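Across the two complexes that follow, chain A remains constant while its partner is chain B and subsequently chain C.
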Partner chain A sequence: MERDWQFWSRRIIWLALAIATAVFLVVKIDTRMYVSKPARDIYDAIEAVPDNKIIVVTCNWEMGTRGENGPQTEALIRHCFRAGKRFAIFGWAFPPGPALGQQIAERLAPTYGRRYGRDWVNWGFNTGGSPMIRGWAKDIPGTIKQDIILHKPITSYPVMRGVKSARDVGLILDITPSDTLSTWVQFVYGFYRTPIGYACTGVMAPEAFPFYDAHQIVGVLKGLAGAAEYEQLMGYRGDALKRMPAQSSAHAVIIGLIVLGNVIYFRARRRGEAPGRRLSA
Partner chain B sequence: MVVTTYVMGGLITAVAWWALVQALTPIFRPLKGGAFYGAVSASVLLWAAVMYLLHRLPASVKKPVVVFMTFVAGLFYVLEFYLPARSGIFFWRASHSNPFTPVLETVGNATLVVLGFVLLLATFNLGLVHAKNIRALRSGYYNSIAFYLAFLAMATFGIWQVYAPTTKLFASRLTVQQVYGYLFNSTYVPLAATLFSVLAFYMATAAFRAFRVRTAEAGFMMAAAFICMLGQVPLGMWLTHTLPLHGPLSYLRIEAMASWVLGVFSMAGLRAVTFGIFVGALAMSLRIWLSLERGAFFEQEL
Partner chain C sequence: MSRTQAIARGLLWVAALAAVAVFGIRHHVFARDLGVWLAATCTLAIYSILYRENVVFRLFEHIFIGLAAGYSLYTVVTQVLQPKWFTPLFVEGKWYWIFASLMGTMFYSVYSKRWSWMNRLAAGVFMGLSAGLTIVGFVTGLAPQMMYSFKPLWQRTPPYLLFNSIVFFITVITVMSYFFFSFEQRHPVVKGSARLGRWLLMVAFGAIFGNTVMGRMSLLIDRLQFLLLQWLQVFGHR
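Up next is the complex of A and B:
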């Protein structure tokens, strides 16, 4: 009986969550987000990048977190394209990241009339972590020899004019589910005062706030909600805004489950049963 | 006695490092053509000889060698980071600049080479484990066959598409780049996304089973969790949307409360935790650098 309950309760929860998510991915609901200050600050930071500097869009993510980091990357790249800011796609935490960023950039480029090599370049993935970043900050063309699309020296592209070190970078946008921020802050912001914007998964957001509060990063995009806020700022309805109803319903289901679990727990305790016995795994 | 030994050792090594840096700097100038291939071949032979010699050494000698190399490698970064960028102490340099900084990139590249070896070793180990599974026909050996197929396919087309992306395959219209694109977009991408998405389902069951308000602290945690979860989504924002956007009542809007929890309570806690972590990491780094660490891996027979 106990085993049956455990078996079925787990499957009922999975089914409830699947339905709650799937229904709102199919049914279209117009959603509006409250745009938080950390998201608006990234927007302002991109607008403020001078023409003689490049933006580095660091795609330090892979497919597992595409649901959150994908719309963030799209929103930020779209903003760079729309504002006419040149940028470089880069990655050093997950090898597929720059290729995924390139797919997004190639999809958006025709809309804004942007061209590879003139408006953006893909530096690809570099191993080496912190030591590599230290060398990169000092000598960008020396560390990133070639791009990964045409395999030509990066200095041969017009987009790279005047870009030699982190001093020539107007903004680093770190899009990631990992703890890459401390490396950027330690070795790039610490030495060169290069502004850093952080777009992370929802679970990583709390870790960014001490840096944001200390003005070591200019802004934070918190998971899918952050991407949705950015889409609203940009005035378009992308994947993030479309997915927010599904995330709302998933959060509601999880909150409901926690409440239900506690109701069962307290009722069992009042009856004198061993606390949590019915629900233990 | 131990401290004096380390201080003396550090001073001697610092001077040795400086001399080594001065001597080796010309080696890292770019080479081209035959000189480049000659240098690569000589490096490989030298590395093989050094590795052979190290392997032949008795364990009693190997350990001090490892300790010394660890200390020297760590000392470079300590000296480069803690010594000032410009100072009169570097009187022999015209610019009075830190002599270690110019070779920072070179040492970083050397670290990358070591990382390359690690990657090779890890790949070799992974292959070995799966080969053993297949040879012994252990349960789930077909997963190991799947690993080999996937590994070989991605490695082959991944490398091939870099060097000859437009090569046609088997007299068909398919190019190497298209096949790699198909493998990446239609196999790797959905597999990785699916694997991560499954976490959400386990989180839901874990929340149902484990999140109990047994104490007041757990109650606060639950309240904070609910506020943050609702404050991130339009549903939560809708619950308090009738409250004004400005003025004292605006602080009761769910998104404002979520920002407050994240930016005040959570941040204070995280700062404390981060501070503790980094103090611990500093102590741990010092123990590893000075080879004082004991326990797993550190006391094994070499």
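Up next is the complex of A and C:
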């Protein structure tokens, strides 16, 4: 009986979570987000990029975190297209990243009348980590060489006019579930003062704030909630805003389960059925 | 249950699912796109682990690992090796790129007892490079963060910023005192400070865990949205 309950209790919790989430995905609810300062700062940073500089959209993510990094990438690329800012898609942590970024850019480009090569370019994936980034910052065409869509030298594209080093980059947007930010900060911001915006998964968000606090990055988008804030700023209802009611519902279920679990534990402890220990330093 | 019975039961399940699928497609309940079906099958197969360990999950897990490895290899060959090493060396005639392949090949000498010293040579070069970069990274990355951790407590700032600075100050001091391991923490001030530091660390871990839960839920929502709206096309979402 006890083993049966242990087997089924977990499955009941997962089912409850799935139902709580699914209901709010199907029912349309108008969600409004409070836009935090770190998200607004990225928005302002994109708007402030001068015409003679390029934005680097680093898609350092893969399918495993599409749920968070996908809407972030879409919101940021949409902003670049809408504001008429030229950009380059790049990646050096996960091989599929630049291809996923390209899919999003190609889907959005017709809406804003943008063209590959003139408004954006895909530098593709590059290996080498920190030493590569150090070399990239000094000599972008020498490190990247050719794009991955038409396989032509990147200097042959109009979007690359005047782009030679990190000094010609107006903003780096690092979209990632991984610790790539420290490399950007240490080897690009540290030497060239190129502004960096960080769009990370929820797990990575707490680690970003020492960088934000020290003004080493201009802003932070925290997971799906960050993408929803950005969509609110942009004034369109994308995937992130549509998913927020489901996210809130899932959080409510989890909070309820934590409270329930604690009530059950403390009642068992009072009856002497569960072990208890006071924390000491 | 015998092997024949298990196979018969499996086939019955496949037939039942196929019948539901055909009915669903004919009546526009399910998507008609093959790609959507493939993605839905993969998602459901992976989620089947939530019920219990099973052969379908293991099959798709191996497919995913194989696909990821294959895709990574393809990307590295076509986007890195071919344009950045093969073309300069063999097409453009930049002979000095041969040194890159020599250095790379030295790593593989680890498989030979006679030549394994070459692997140590290559590893040593890269370790030295990494150590140098780490020192540079410390100066450009961490030093400014340490500098900004000295926040003014008496400056004319809005009350909420002052409150933030005080919380930050208390957290830094108490958490650092918790990590004093060079001597025994006997003095009541040090002991109390270390205890508060430990509680504040737990608050931070709680915040990190909360963000982790948020992240995991976002990933679940992404898949559920796909299954409900793109595959099942619930309430006419197409």
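Heads up, the rule we're going with is that the second predicted complex is superposed on the first by the 274 of 281 C-alpha atoms of A that agree within 3 Å, B and C clash if a C-alpha of one lies under 4 Å from a C-alpha of the other, contacts with A are read in each partner's own complex, and residues count from 1 in each chain.
The rule we apply is simple: a contact is a pair of C-beta atoms (placed from the backbone, for glycine too) under 8 Å apart; a residue touches a chain by one contact, two chains touch by 3 or more.
Everything quoted here is computed from the prediction, not taken from an experiment.
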Since both structures carry chain A, what do chain B and chain C do when superposed there: clash or fit?
clash
Classify the contacts of A:61 with the two partner chains as first (chain B alone), second (chain C alone), both, or neither.
neither
A:250 contacts which: chain B (first), chain C (second), both, neither?
both
Please work out whether A:203 is in contact with chain B alone, chain C alone, both, or neither, and reply first, second, both or neither.
second
Given the touch rule stated above, what does A:90 touch, chain B (first), chain C (second), both, or neither?
neither
Which partner does A:120 reach: the first (chain B), the second (chain C), both, or neither?
neither
Contact-wise, after the overlay, does A:146 reach chain B, chain C, both or neither (first, second, both, neither)?
second
Does the superposition put A:260 against chain B (first), chain C (second), both, or neither?
first
Looking at A:81 after the superposition, I want to know if it touches chain B, chain C, both of them or none. Which is it: first, second, both, neither?
neither
Partner chain(s) touched by A:186 [first = chain B, second = chain C, both, neither]:
second
Quick one: from 4-12, 22-30, 112-120 or 184-192, give me the piece of chain C that collides with chain B in the overlay.
112-120
On chain A, positions contacted by chain B and by chain C:
14, 17-18, 64-67, 96, 127, 131, 134, 151, 202, 205-206, 210, 213, 222-223, 225, 247, 250-251, 254, 279, 281
For the complex, which residues does chain C have touching chain A?
50-51, 71-72, 75-76, 78-80, 83-84, 129-130, 133, 136-137, 139-141, 144-145, 147-148, 178, 185, 191, 194-195, 198, 204, 207-208, 211-215, 217-225, 228-229, 234-235, 237
Which residues of chain B touch chain A in their complex?
104-105, 107-109, 111-112, 115-116, 119, 162, 184, 188-193, 195-197, 200-201, 203-205, 207-209, 211-214, 222, 225-226, 229-230, 232-237, 253, 255, 259, 262-263, 266-267, 270-271, 274
So in the complex, the part of chain A that touches chain C is made up of which residues?
11, 14, 17-18, 21-22, 25-26, 64-68, 70, 95-96, 124-127, 130-131, 134, 145-146, 148, 151, 182-183, 185-187, 189-191, 201-203, 205-206, 210-211, 213-216, 222-225, 239, 242-243, 246-247, 250-251, 254, 279, 281
Within the complex, chain B is touched by chain A residues 9-10, 13-14, 17-18, 31-34, 36-37, 62-67, 96, 99, 127-128, 131-132, 134-135, 138-139, 142-143, 151, 202, 205-207, 209-210, 213, 222-223, 225, 244-245, 247-255, 257-258, 260-262, 265, 275-276, 279-281
